[in-house]
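Working notes for the structure below.
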Amino acid sequence: MLYSFTNDYSEGCHPNILQRLTETNLTQQAGYGNDAFTLESVAAIKQLCQRPEVDVHLVAGGTLANLIVLGAFLKTYESVIAAETGHINQHEAGAIEATGHKIETVATPDGKLRPEAIRPLINKFPEYHTVKPRIVYISNSTEIGTIYTKRELEELSEFCRQNNLLLYMDGARMAMALTAQGNDLTLADIAALTDIFYLGATKCGGLIGEAIVLANVSLQKDFKYYIKQRGALMAKGRLFGMQFAELLRDNLMFELAGHANAMAQRMASQLQRLGYSFLTQSQTNQIFPILPDALITELSKKYGFFVWRKMPEGTSAIRLITSWATPQEQVDQFLQEVTDLSERLK
Amino acid sequence: MLYSFTNDYSEGCHPNILQRLTETNLTQQAGYGNDAFTLESVAAIKQLCQRPEVDVHLVAGGTLANLIVLGAFLKTYESVIAAETGHINQHEAGAIEATGHKIETVATPDGKLRPEAIRPLINKFPEYHTVKPRIVYISNSTEIGTIYTKRELEELSEFCRQNNLLLYMDGARMAMALTAQGNDLTLADIAALTDIFYLGATKCGGLIGEAIVLANVSLQKDFKYYIKQRGALMAKGRLFGMQFAELLRDNLMFELAGHANAMAQRMASQLQRLGYSFLTQSQTNQIFPILPDALITELSKKYGFFVWRKMPEGTSAIRLITSWATPQEQVDQFLQEVTDLSERLK
Amino acid sequence: MLYSFTNDYSEGCHPNILQRLTETNLTQQAGYGNDAFTLESVAAIKQLCQRPEVDVHLVAGGTLANLIVLGAFLKTYESVIAAETGHINQHEAGAIEATGHKIETVATPDGKLRPEAIRPLINKFPEYHTVKPRIVYISNSTEIGTIYTKRELEELSEFCRQNNLLLYMDGARMAMALTAQGNDLTLADIAALTDIFYLGATKCGGLIGEAIVLANVSLQKDFKYYIKQRGALMAKGRLFGMQFAELLRDNLMFELAGHANAMAQRMASQLQRLGYSFLTQSQTNQIFPILPDALITELSKKYGFFVWRKMPEGTSAIRLITSWATPQEQVDQFLQEVTDLSERLK
Amino acid sequence: MLYSFTNDYSEGCHPNILQRLTETNLTQQAGYGNDAFTLESVAAIKQLCQRPEVDVHLVAGGTLANLIVLGAFLKTYESVIAAETGHINQHEAGAIEATGHKIETVATPDGKLRPEAIRPLINKFPEYHTVKPRIVYISNSTEIGTIYTKRELEELSEFCRQNNLLLYMDGARMAMALTAQGNDLTLADIAALTDIFYLGATKCGGLIGEAIVLANVSLQKDFKYYIKQRGALMAKGRLFGMQFAELLRDNLMFELAGHANAMAQRMASQLQRLGYSFLTQSQTNQIFPILPDALITELSKKYGFFVWRKMPEGTSAIRLITSWATPQEQVDQFLQEVTDLSERLK
C-alpha cells in the first residue's frame, strides 16, 4: 500500500514530545497526575481558556473521557441527548449505557444538535415513567467533519441553561474544528459556553491523552474519584502531561491541526473539480466524497481508506482522513491517481 | 529532597522504548492494537508462556485491567474473592463494585490466599440469598511484597478447578515476583496454573501498559468488546505494543525487576544489620521496616517514602520502594544516612 | 367522574383471588416462592405451555420482569432490539439501561418487529466498536393494541434462531392478545417459539404478579439469584402464587381478557359507525380513536381517558382502555354520550 | 410438622386487610401510588412521625427498598457502611453492589453500629484511591434480634451529621423494635434522628409492602424516578396502600408486633429456666438459644426452625422466630416438648 487515509492515528506523535520525554526520562516525578508536566499542561489549558477556575484532568482516550464524564454527572434516572451520529451512540460499544444511562438520540443531517431538535425530548409525559434528560452531548468537529459556529453554540448554550441541561462537548478533533475554514470559535468561547469539554491530543499530534476540562465550577468537587474508579488514573501521568505541555507550547497543536485540515481540503477541492459530490459538507480533516465503485476498487489497490456507505447508481461514499503527519506529496500523488483513473474509467 | 523511595513509578521508562518509539514514529500503523509492535509483543508473551493458544490484550493500567477482567467474567450475581489487602479491595476506589460485583475478602497475614481460607466462602447457605463466588483474585508479588511459591500456586489452582472457580493473578509487579529470591515460578507456570493474569509494564521498566493474558481458551471470545466498552481500546495501540516489544526483548524486563529487587533487599539487609525488624517478610522491591519515629522524622527531611502504619513504642512501619531506575549510590547514601542517624539518635 | 377508561388497572382483582386468600390466610407456607399456591400456579402454566421443562418464576411487575430478564441474559456488551414504541424503551425510566445495556430501536408503524427491520442492526461494522445485539424484545399485545399472528411469530422466531438472537415476549397483556379477534396463537405456541416470555396478571384480572417463563432450558440455571438480586424475591410469595392459581383455574384469565377485548371492540364499532377513524388497528382492549377536540373536551368532563396525540384539523387521538371489570352498561352509556355529543357538536 | 418457627412470614396477613380489600375491590382508583389507600397510609405515617414534611413511598419488599435507597443517594464512588451481619451484606445476593456500590463492613458483636467502630473507615488515606463513605446503614431490630436505645441512636445520628454521613435505618422489623422490652424510641424519634428509614409491613402483619420514609427533605426531589427505574412502581398501588392503611389504624401493627415479641420472650424465659444460654441478647421476636444437638434432632422432627451455627461441646444455636399470628398454645406446646426432651435426654 502506498499510503493510508484510513484515519488520523496511523502515525506516532510530534517529535517534540518524544524528545522531551527522552530528556526528562530519569527525573523523579510524583505519580497520578501530580507531576510537573501535567501541571505545565494544566496551566497552558487554563490560559487558552482564559479561565483560571477551570479544572483539568488528563485521561488516556476519548471513550474513557466520555464514560467518566457522563457517568459522573448523570443521576441514575437521567439521560444524555446526542445526535444519532454521535460517537457515544455509534462507536463506543455501549460504554455509556454500561454506566447505567440512556442515550436519547436526535436525527440530524449534519451531525449537529440545535435547540429545536432537542426540545421535544424534554418535559416528556408522564413524569417518572421516562428518563429525564440532563446532559446534551455534542462533538466539534462532528463525526462527519462539520463544525459549530459561535452563533450556533451560543444558542445551544443558552437553551441548555434555560432548561437545566449541562452542555458537554467531545473534542477528540477540537483542534481541527478551531482551525477549520469558517470557524469563529476559540477555546475561551468553548470554556464559556459549555459546562464540560475535552480537548483531544491523540488525533491532533499526540501519542495518547485527552484533557477533560470542567468549566462549570460546581462540577469540580471529587472528580478525581471518578477517574480513579474507571481505571483512568495513571501512575506515570507524566506521559499524558508531556503531550499537552509540548502540543500547547507556541500553539503547536493548532498548527498541526491546520495542516491536517489543509490536506483534506486540498483533496476536496480537486475532487470537486473532477465533478464529484460529497456526502457531508466537511470543513475539517475528514471528507466523504462519492465516487464510482469501479474507481474505488482501483484506488483501494494502492491506498487505504474506509468505504462509508453504498450510494445510488454504482457509487459509494468513502471516508478520507488526513493527519498532522500527512505529507502534501502523498496527497498530490493520490489526487493524480484519482484524476488519471477518472479519465481512464470514463 | 535527595531521592524518593515512595514508589516504583517515579521515573520514565527504559531508554530502549523511547529510542524505538522515536525511530518508528512516522511509520503508518493500524490502530486499536493491530499494529506491528503489539503483534511483536503478543508473540513474545506467548513464547514466555509456552502456550501459543493464550490470548493477549494490552491496556493502559492495572485498575483498568482488573475492572475489565472481573466485569467480563462474572455474572451479575457472582463475586470475586480477594485478600483483604488486595489492590481491588483497598486501592481502586470501588472500581470493581462499580461493575456491579461484590468483593468477598479474606483476612490473611501475608497477603496470600490459600484454599483453607477460601473454603468457608463457597457453598454458603442459603442459596440465592447470597452472592456466588466465581473468581479468586491474587496478586504476585502481593501488595505487601510477598510472593507465591509454585507449590502454593498449584494447590490454589487445583482447589479452584475443583470448585468451579476461575483463578486470576494481578501481575502489576509480576516481573519482581519472578525474579525474587525464593521464587520458583515461571511465566509458563503461571499461564498453566491460572485462568487469567496480567503482566505489568508500568512498574517494571515501561511508561504505560499492562498485558492481560487469557490463558483459559474458553474465556477468549469477544473479549475486545469488553476492552472497548470500558474505554480501554487505544487508537495508537503502538504505544503499548512498544513497551512489551522492547521490555521482553532479551528478558530486559526481568533484568530490570531483578535490579529493583536487589536494591530493596540491599536496604533490608543493612536495616536488619542495624537491628530493625519488618512488618512483612518481603522478598521483592517494597520493604516495610519498623523504625523509631524520631529517625523517620529526620529521614523524611531528605528522602521521600510513605509512612505505612503507627506501631508500638514510638515506632512506625515505613514503606520503601525501589525501581528499575534506582541507582545503587542512592541506596547506599540512604543507608549511610540511616546508619548515622541510628547512631546519633540512640 | 362517571367512569374511567384511563387504564386497565383501576380496579382490584377477580373476587376468587381475594376469597381464597382469605380462606387460606393462616395456613403456614414456605417463603420465597416455595409455597403451595406458587407450585399450583407453576403447574398450571406448564400445562398451558404443554412443556413440562419450562421454568416459571413469579415477580411483582412488568418493568421488574423486563429488567431481571434482560439484565440476566445479556453480556455487558450485548444489546436488546425493540420497537421504538416498546415499553422498555418508552416507559420504564431507563430501567434497562440502568442494568448496563443499550436498547437498539426500530421504527415500526404497528408496534411489531419483523426480520427485515432487525437485519440491518446485526453484523454492524466495525466489530467491537459497537454493541452486539443478543435479545429481540417484542410485546403481545403491543403497546398500541396490535397482536402477532402465528405466521409472524414463526418467521421472527426462525430469524432469531438463525442469527443467534434470543426472542423475548413481554406479555403484560398476553391474555388479551390470545383472546383477540384474529389471534391464532396459543400459549403453547409462544412457549415453543420464544426463548423467554412473561404472562401478566396485573392487567388481566389479578392484583399483582407477572409470571416469567424460561422456555429455553439453557437459560434456567441459577435464575433465582437474578430475582433475589433485583429485590424481586418476595417473602410471602403466596400472594403471587394465588393470583395465577386462581386466574388459570378453568381459563378464568382468558375469559376476563376476552371480556375486556369485547368491551373495547364494542366501543370501536360504534365509533367507526359514527364515522371516526383510529390511530392504530387495535384488536385488543386499548383503542385509539381520533375525535374532534371539542368532543374530547366535553367527554372529559364525565369520563377519564388519556389524550394520546394531537392530530391535524382540530382533532386528537385518545386512548380508551377497558378491563376485565368494565361493565357493559358503562360502555353503552359512554357510547350514547359520544353519539349525542357528535350530533350536538356537528 | 406441628408448627414452624422458621420465620415470621409463614402466614398471610391480618384479616382486616383482606376484608377491606374485598369491600373496596371494584372502586376505580388511580394507579402508581396515587390511590386513596396509599394517601391514607401516607397520612398515617406522617402523623406517627410527627413530621408532615416527610416523604413516603411504598414498595414491595426490603431488598427492593434497600437497593432503591442506596442506589439513589450514593454517588458512584461513595460507599455504605454496615455491620458485618447487616442484611445488605449477608442476604441480598449482592443487590447493593449490583447498583455499583461498595459495602464497607464493621465487625460488631451485637449487630449494632457505634461511632467508634465507624470512625476508622472515614478519612482514609490516600484520597481518591479508596471509596468515600456516605451512608451508614443500620437495622432496628437488628438481624440478630437486638434493638437500639434512644441514647445510642442519638449518638450515632450526631456522629453522622458531624461527618457528612446520611443515616439509614432498615425497619423490616421496626414494629418489633418499637414494642420490645427496653425500647425507648418512637417512630417520631426515628424520623428526627435518621435521614431515611423504612417501616416494614411484610413481617409485621401485612401481606406485602415496606414504606420508605425520606425524613431528610433535601433527598425527596425526583425520588419516584428511582422507584420506577428499579421496577418497583406498581400499577395497583392500592394493594400496598391498604396494608399500611389498615395496619396503622388504631396502632394495629404495633399490637401485632408486641404479640410476636411476647411469644418469643415467653420461649426465651422458659429456655433460660431450663438452663440454656443464648447466642445473642435478643429483645424481640427472634431468639437464638443454644441447645444440645440431640435435643435439636428430636425437636426438628416436630417443629420447623433454622439451625444457625455449630457451637462447642455438641451444641448448636438455633433460631426461633414468632410472628403476629403465632398462637400461644403452639408456643406452650413447644416449650413443653423442650422441657420433656431436656429431661429425657439428660
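As written, the chain order gives the labels A, B, C and D, with residue 1 at the start of each chain.
As a working rule, contacts are C-beta pairs under 8 Å (C-beta built on N, C-alpha and C of every residue); 3 or more make two chains touch, one makes a residue touch a chain.
What you see is a predicted model; the values in this text were computed from it and never measured.
Q: Measuring centre to centre, with centres taken as mean CA positions, what chain is farthest from chain B?
A: C
Q: Count the C-beta pairs in contact for C-D and for B-D, then report the pair with the higher count.
A: The comparison resolves to C-D.
Q: Taking the mean of the C-alpha atoms as each chain's centre, how many Å separate chain B from chain D?
A: Centre separation, chain B to chain D: 43 Å.
Q: Roughly how far is chain A from chain D, going centre to centre by Cα mean, in whole Å?
A: Chain centres of chain A and chain D, defined by C-alpha means, are spaced 52 Å apart.
Q: Please report how many Å separate the Cα centroid of chain C from that of chain D, as a whole number.
A: Taking the mean C-alpha position of each chain, the two centres sit 34 Å apart.
Q: Scan chain C for residues touching two or more other chains and write them down.
A: 76-77, 92-94, 98-100, 128-129, 225, 228-229, 233
Q: Help me check something: in the complex, which residues belonging to chain C touch chain D?
A: It comes out as residues 3-4, 7, 9-13, 15, 18-19, 21-22, 24-31, 60-68, 92-95, 98, 202-203, 207-208, 225, 228-236, 238-239, 304, 325.
Q: Show me the residue ranges of chain C that touch chain A in the complex, using the header's touch definition.
A: It comes out as residues 76-77, 79, 90-94, 97-103, 128-131.
Q: Which part of chain C faces chain B closely enough to touch in the complex?
A: 71-72, 75-77, 99-100, 127-129, 132, 222, 224-229, 233
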